[in-house]
Structure formats: structure tokens, C-alpha cells
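Paired with chain B in one complex and with chain C in the other, chain A is shared by the two complexes that follow.
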Partner chain A sequence: MSQIRTAALPALARVPGVAIVLVALLVGFSLAGPRFLTPANIANILMQSTVLILLALPMTLIIMTEGLDLSMGAVLTLASIALAMTVVATGSPALGFLAGLAVGLGFGLANGALVALIGIPPFIATLGTLGIAQGLALAVTDGQSVVGIPPSIERVYSGTLFAVPIPIIIGAAAYALGHLLLYHTRFGAAVFALGGNREALRLAGASDRAMLIVVYAVGGLMAGFGALLMTARMNSAHPTAGIGLEFDAIAAVAVGGTSFERGNGWLFGTLLGVVAVGVLRNGLNLLAVPSSAQVACIGALVILALFIDALRSRP
Partner chain B sequence: MSQMAETRPRLALSRDVLQAFYRLLAAALLCAALALASDAFLTLGNILNVLRQTALLFLMASGLTLVILTAGLDLSVGANIGLSACLAASVIQATGSAGLGVATGIGCGALIGICNGALVAWLRIPSFIATYGMMWMLTGVTYYYMAGETIHGFPPSFRQFGSGYLLGVPIPVYVMVLFLGIGTLFAQRTIWGQQIYALGANPEATRLSGVPVERRLLLVYTFSGAMAGLASLIILARINSAQGDIGEELTLPAIAAVLIGGTSLFGGSGSVSGTLIGALILTLVLNGMNLLQINASWQPLATGLIILLAVGIDTITRRTAP
Partner chain C sequence: MRAGEIVGLAGLVGSGRSEVARAIFGADRITAGEIRMFGAPMDGSPQDSARRGMALIPENRKTQGLALARSVGDNIVLAGLRKMFRSGIFSPRRATAAAQAVIERLRIATPSPRRTVGFLSGGNQQKVVVGKWLNAGARFFIFDEPTRGIDVGAKAEIFKLIDGLAREGAAILMISSEQSEIVHVCDRAYVMRAGRIAGELARQQLTEANIVRLGMHQ
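Take a look at the complex of A and B:
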């Protein structure tokens, strides 16, 4: 009996946090205005959350390894610009998509190498690559939007497959893959060990450095996928479009109950966290709250989540 | 003095001196290269400009140096400057009093620092994530408060603070020298300063030896916040206007100045005077890019590369020479 209780406790202790936040937001916004709780708006929230889920999933893995990727928003922006410029230059959406993925993967590998091989603390390594990606994005575009993208790209966002919008399918597939990867493969087990018990991983004969590089590379690659959705949604690429996206992703992970220090990760919590951030932004939008105040609200939400996590982890 | 000699082996001290010498040499070589590359470098106007920029960067980075000495990080410096500057600007405009504005700027900065310190010291939230959340919260509040407006036109007494001269030297340079003295004396010659070094090198041993670790951390983050507030006033006085984005893109250079200056991210080693050299080197690089008419868009890229280079060298030398 006591064994069951101790096993159920960690899960129960985590579930309420993000679930309560989500329910509170849903109830609050439903009461605040009639336009929130409509099928069209709920679909809209899900659609808008798809870029975020692509970033928040790998961010969860990265944070589980006691790392952080501050460069994701800037890398996504640069990948989006690479995609748009390649498509405009060659006329081939496939080449553009590959260019975006290559930029993302390149930065992900660079982050991984800086963290795993050189040993630079992740927050500072990715702060450096953030500066590099942001600088490149501004410099190659001279601060201007890249326009003239063919409609085939735009259909990635607006199109449907079996009556389901394509972004929703991409988001769901990404979550399913992430879940499989984290909970049903040796790589997933290694991710848990990287945060909680790196020494054990090394002793078990796995290369912790290679695993860590893969984790960051997945983050970069997902930023490349996110760039496709982002470019398709805006039908253009802009050098400041993705600024701060990594913050929404980190917020979703923090609200979702993944700990920054102990290697405790919870992928479903991240999914709920993404929806919570999406609901918060959408609801505040409907109430005509300016985006600046939305950022402040999400910042406050993150600090609150950290606060609660810190209180809980106290002996 | 005798205490310092005891706590630090002579060999380490001479290595610190040697490293400072290398950095000064790098700055001198940079100056020589820029003087050769551009006729505009060695003009009085440009030299004063470099000094003024160095002073500003140093003031932002000096408080941050102490934070990094404790193996922490303050990512909210730029956002802190933004909010402090905007609040100070509206107080000056509402009351016409420079004194009240200065108090508001420094007070706002310090208050933000206290919040950061409390999150890090008592709640034990990792500093990079606590100050990162703070950074976005402050950015949002600043933009919301300003609502796209600009506040401009400050009394001349206030503007002196940023654009005035005394004996031909910009006033910010005097402020820089003042805080170089205060910071160095505090860090090297006081018990609290030594405790901050110890805290960064080995927090557990420091705690066990009876140092009130939480209060020292609070002090360090508060100081970093107050220095950001002070820097915001100098920026405000210099450009004579405040906008929501006034503090944007200042965090990266401030961190870069500390790291180029030889303060280790891993805590416990470095100095405030090193940060002055770091600020000078970074300012020379950015000034040189301007003089060579390289698009300003490349500046975050250069700063990012410099950060990675500085930390990479620090990390590798630590691993090879423990």
C-alpha cells in the first residue's frame, strides 16, 4: 500500500500544477468573453501551437540533460530565411526545406559540440550561437523580409490531409515520435541518465558525449522543421520573426513540470504546457491585451512555475 | 593585503598578472591594427567615443562580474536597463528633477536585483533560468509601459551625466574610474569580497565555514541590478530619449566584456579590473567594425563568436591545467 502511494506521489505532485493552470486559464478566458470557447478558436489555438510544440519537445530533452538551448528562436529564424531565400532563388520547395533543415541541424550540432566536447555551460554556449544566428539573419537580409514564396510552401500550413490540417498532423506526429524516443528507446533512457546520473551512463558503456550532441542536434533539426511551418504561416521570412520563441518553449517546459536541475522530465506535461502558453496568448489576444503584456505574463508564469518547483523540491 | 597573500598562492597571482598583460597586449595590438586600417581611429573624437563606450560597457559589466565570480549569471541586465531608463525618464519628465530621476533609475535597478537575488539565494533556482524569466518579464513590462511612445528632452543638469566633459574627459569615464576603484577594493580587500570569491570556488565549503551564503548572493545580485540602473541613467543622459527597446542587445556585450576580461563562468576566479580590459577590447572590436563600415547587423555575430572564443579558451585551459 505504502509502495503504491510513494510511486503515485511524484506523478500526482506534478499533474496538478500544469493541469490546474490550464483549467484555470480555460475557465477564466471562457468567462471573460464569448469568443474564446468556440470550435473555431480552439482549432486556431491548436494550429498556432504547432510551431511551439516542435521546439518544446526537444527543449524538454535538452533541459532534462540539465542543459538549455537559448538559440532555438534565432536558429528557427535563420533556417526560415535560408528556406525562403533558397526557394526564391531555385524555385524548388524541396531544396528550400532541405536548406532550412541543414541550417537547423548545423546549429544543433554546433551547440552539441560546444557543450559536450568543449564543455562550455549550455546557457552560455547557446547564448553565443544565438548571437551568431541572429547576426547572420539580420546581415544576410539587411533587415528586410524575404518575400515571393511560391504557394506550395504556404499549403503546408493551410492544407489538410483527410480533413485534418497538416500542421496538426505534424505536431501530433512529432509528439508521438518524441514519446517513443524518450520512453521506448535506449536513447531515451540515456537522456534520463544524462540529467540524473551521467556517471552511471558512462559506466554502462554508452558515450555520454555522443548522446548529448544528438540531443542538441535534434533540437536544431526541430527548429528547422519549425521554420517550415513558420514560413508557410507567414508566407514570408523575416529576420526578427522568431525572436523569443525559445522563451515560449522554455516556459511550456517549465510550466509542464520538467525540472531544471534533477533530470526529471515529463513529455506529456510539456504538451499541456504548450497548450497552456497557447491558450494564454490567444485569450489575452481576444481581450485585446498587447503582446508586450503577454510576454510579461508568460515571464511571470515561468517565475511562478520555478517558484513552485523550488518549494516542492525543498526537503 | 596579508590576508590576500595567504589565501592566494604566489604562483596563481603571477599567472593572473601575466594574463592581464596578455589582454592589454591584445588591446594594444587591436589599437595599432585599427590605426593602420582607418584614418578615423586616432582622432580625438573617436578616442573619446571609445572611452565613453568602454565606460558604459564597464559599468554594465562590473556588477555582472561579481555575479559571475559566484558562478552565477545575470541575463536580465539589458532588460533591467530598459525598465530603469524608461521609469527614470518618466520621473524626470513628470517632476523636472534630475535627482529624483537618478534615484528612480538606481532604485529600480537595485529592486530588480533584489528579486533576482531572492530567487537564486533562497529558492535555489539556477541563476541563468531565474534571470532569464526575469528578463522577459521586464521586457514585457517595459514595452507595455511605454506603449510605443518616446520620452525625450531632459534638463541639461541631467544630460551632463552622460554627455558632459570635465577637463576634456567625458564624465562617464570618471564614473567608470570611481567604480573600478570601489569594485576592486571591495572584491580584493574586504572580507565580503573574499567570501564572494570563495563562494564561487566552493559554495559548500564556504557555507560550512559559516559564511552567510544567501546574504552574500543577495548583495551580489542587488549590486548587479543597481549598476544596471546606473548604466541606464548614463545611456539616457547621452541619447536624451527613452524608448521601450533602449536596453535591447546590451546583455550579450556585457557578458562578453566580463568573459573576455578573464572572469571564469565556473566561478571563483577573475577580477573587476579584468572586466575593464574586456570592455575595452570589445569596444575596440565594435568600434573598428563601425570605422571599417561593416554593417551593424554583424555586431551580435561578432559578440557571440567572441563569447564562445573566450569561454572555450577558459574551459580548455581549465581542463588541461587543473
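Take a look at the complex of A and C:
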């Protein structure tokens, strides 16, 4: 069956599932209403995808090591609150930014240490840190938003540099750095091997534990950067702002074709996956679909993309 | 162990041969004693061993030696990453060139360095494990059951490879359960029994009967 299809459509057969899904979404939403395919809305989708790309890039690396980071959304929330509270208390945006990064990096290192040094399964370790970060975020704010942030923070989201919005520049820079890190550094080569066979990497004389810790630490640090964008976008910090972001990030990675075993990762696929998730959320918003139903749609999207890939990889 | 020498480590399964090999390399921690290489003590970690030119070709290449779902090229450069790319910058082109050189030198039967290693035959997989260490510039090779699960033709090739390494001045420690392999390949051999060295056999005494005699009680 699939061989007939492959013979008939040799070019299409090599197109990854995520690209097919993305094109289908774009066409579908364009036909569904006139407000989707406008320059302003496309720019909006890209702007709103910038927080997600910051999380999905390190999530790709983590998943390539056969790991998972469930704590990213909660860590981003806590980092956002640390940022806002520090800015409000000291009046210094730079100190606030550093506080957010420190929270992110601290949780990332903790995740890495729990997984690499103590050997706790990533699912459990990051579920634990998710609870800690979320609980702290609610406790220190008493469930209230942190407001009164100076406008300099807000300009990180609304400002432009050479007529390009700053979030787009941050997202593009993060992708470029991620690409260089994964494909053009010794560390990146080892990330492929971490998932491929960690024991073989260890017996090849590489410091597998240190590398695994770095992978999770990068995830936490990127959550810290994401907190800056998120706080700037909302001009405040909410103790529930990041809930579910890890779901979107994991979905984007999965839609993008990164395998959860054997170290097969594809960073560009993650970028497409992030855009696909962003397009889906935006299109459903325009159609006035409630956000709870959107989560169901993202779930279906993951399954559909992997289904297309699975159909084709059948012998 | 001396350069150019092939030393056998024989004994029954369970007599502690692999444990010795893993302890020498640092795959498992040693609790007593000291490992020295080129006269200098080792710190007993795989990193230190690999950096100083020691290579372990482990008993189970599928779980300990290879990332089966990765390419031949990825596996070949794995042990040499630190040596090849000192600055930390990875060049895919240099990695492919290095892999190609090893493929040609060991005559690994693969259409390209990008072939998934799991699709190769057992003998060629074993060559990839050895090639990984050649690329890393290893001088002392520990082979743990190098011919397990490999057909007869490939066995002969692996022995030729081991012999070639020794001729080029590498030191080799080979573990095997096949007495005939030890007798055929090694210059001398130690025989283990119940976790201890039961005796050493020099070239002239190296016969299957002597290995069996030392390996069993008395």
C-alpha cells in the first residue's frame, strides 16, 4: 500500500509529516475565515510563538537524550515572578532579568543533577521540580499577579530593532545558536550519542553525566529567557502564566519528528512544529474555540503528524 | 604488558575475566590496587583511560560498544571527539573524512559512513568499534570476546586486524572463552579461576590442555 503511494508520489513521500500538517493547517484556516491569512495575523502568530520556541529548542535536546522536562512551564512561571518582584523591589530591569535567569538555571541544574547523578527517571524528577516551582510561584505571590513593572521591560516585547520585533530577533537567535550547538559542536555530537547509547558514550571516555546535566541546565536557562518575553508581553507576572507550556513544547518537538528513543533529533522539524502549534492555536482562537478544546486539538495534531511519519516508515 | 604484544586472558565463564578488563579500563571502579600505563598511575575513569590511549572493545558491542541507531560515521568519531575537535567546534566534514579513512583502513563493508550501524553484519559492527578507537589514537586495546556472534570469515579478519595492530606496536589484551583462539593468537596468556589469576603460560607452554588444566581446579 505505502509502496504504491511511494512510487506514485516519490517527491511527496520524502516530505516530513510536520510539513504536510503545517501546510494543511494553513490552507484549512485560510479557507475557514478571512481574518487568518493577513500579514498582521501571520506576524502575530510568529510573535506568539517566540516563547514556545525558546522552550522547544532545549526540549528537543532533552528528548533526544531519552529524557523529558515537565517542569519548564512552572519554572518559566517562577522565573517570571522572580523577575517581576526583583524589578519592583529594586527598580533595576537588569537585576530582575538576572534573577529570572538564575531561577531558570538553578532549576535546570537541579533537574540535570537528579537525572544524571542520582539516576531518578526524568519524568519523575521533573514532575517533582514542576510541583516545587509551581507551588513556590503560588506561595510567594499568594496567588496574585505581580504588577507595577517599569515600561522598559514591556519594550522587550513591543520594541523593534531595524524594524524587526525584538521577540522575533530573540527567537531567531535562539534557533541559530541551537543549530550551531547541536550540529557544529563536540557537545552536540555527544547529545546524539547520549540518546543513541549512553553506556557506549561513557565507555568511549566521554563525561556523559556532565553533558546530561548541561542539557537540562540549558533547558532551565531558556525557561529564564522565556520568562523575560512572557513578562514583557503581559507587562506583569502571573503565578499561573506558564501552566501547560511544557505540553506545547513537547507537542512541538513530537510533531517536528524528533524520536523519543535512540537519539534521533531534528531541530528544524521542531521549528516547524512550534509554528504548527502556533498556527493551530491562533486559527482556533479566530474560530472562537475555547482553550480547553485547543489542547485536545494539539493532542490530535501530534498523533496525526506521527501517524503520517509512521505510515511512511513502514516497510 | 609490552608494546607489540598480544596477551590472552583465559578461563571459564564467570572466572572474572571481563571484570578485570572493565576494572583496567575504569568502566567499573577498582577497590584496591593500582593501574599503571606508560609507568604513570591512572585515575581509574574511562575518560582518563581513553585520553591516555587505552581502548575497551567490550563483550557486548550492541549494548556497550555501539549506538546502533546512529550512523557508522557517528560511531567512529565518538571516542575521538576530544582529540579531533580540541576547540569544541565540530566539523561534520572532518568527521566524515575521518570515518571514511577508518572504513577504508579496516575495509568495513558499508555503502557510506551515513549507513545506520545496526544494519551492518556482526563482523563489520565489531570493526566499527575497533575503528572508533583507531580514530582516537589508542595504543592499548582490550578485546573482550571479540569474536562473539561473528561468522568464521569475519573471525579470521578480526584476528588479522588484532595481529596488524600488534605489528604496528599496539599492546593487546584479549579475552576469549575459546582456548583455540587464545593459543592461535596470543604470545602468552594468563588463566583465571574463581576471580584470581591461576597461572601464566608463556608461548611454549600455551596449549589448550594447559589452559583447561589451570582453569579447572589443579
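We adopt the following convention: the second predicted complex is superposed on the first by the 287 of 315 C-alpha atoms of A that agree within 3 Å, B and C clash if a C-alpha of one lies under 4 Å from a C-alpha of the other, contacts with A are read in each partner's own complex, and residues count from 1 in each chain.
Following the convention adopted for this analysis, contacts are C-beta pairs under 8 Å (C-beta built on N, C-alpha and C of every residue); 3 or more make two chains touch, one makes a residue touch a chain.
This one's a predicted model, so the numbers in the text were calculated from it and none came from an experiment.
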item: Chain C versus chain B on the shared chain A, clash or fit after superposition; value: fit
item: Partner chain(s) touched by A:A310 [first = chain B, second = chain C, both, neither]; value: first
item: Which superposed partner A:G244 touches (first chain B, second chain C, both, neither); value: first
item: Which of chain B and chain C A:A206 touches, first, second, both or neither; value: second
item: First, second, both or neither for A:A189, with chain B first and chain C second; value: second
item: First, second, both or neither for A:N197, with chain B first and chain C second; value: second
item: Touching partner for A:G128 - first (chain B), second (chain C), both, neither; value: first
item: Greater chain A contact set [chain C / chain B]; value: B
item: Contacts of A:A139 with chain B and chain C, given as first, second, both or neither; value: first
item: Contacts of A:A296 with chain B and chain C, given as first, second, both or neither; value: first
item: Which superposed partner A:N264 touches (first chain B, second chain C, both, neither); value: second
item: After fitting on chain A: smallest Cα gap, chain B-chain C, Å; value: 13
item: Residues on chain A lying within both footprints (that of chain B and that of chain C); value: 261
item: Contact footprint of chain C on chain A as seen in their complex; value: 183-190, 192-193, 196-197, 199-207, 261-264
item: Sites on chain A touched by chain B in the complex; value: 68, 70, 114, 118-121, 123-125, 127-132, 134-136, 138-139, 142-143, 244, 247, 250, 254, 260-261, 290, 292-300, 302-303, 306-307, 310-311
item: Residue numbers on chain C that touch chain A, as the complex places them; value: 25, 27, 46-51, 56, 58, 63-70, 74-75, 77-79, 81-82, 85, 88-92, 95, 132, 136
item: Partner chain A, residues of chain B touching it in the complex; value: 73, 75, 119, 123-126, 128-130, 132-144, 147, 244, 252, 255, 259, 265-266, 295, 297-305, 307-308, 311-312, 315-316, 319
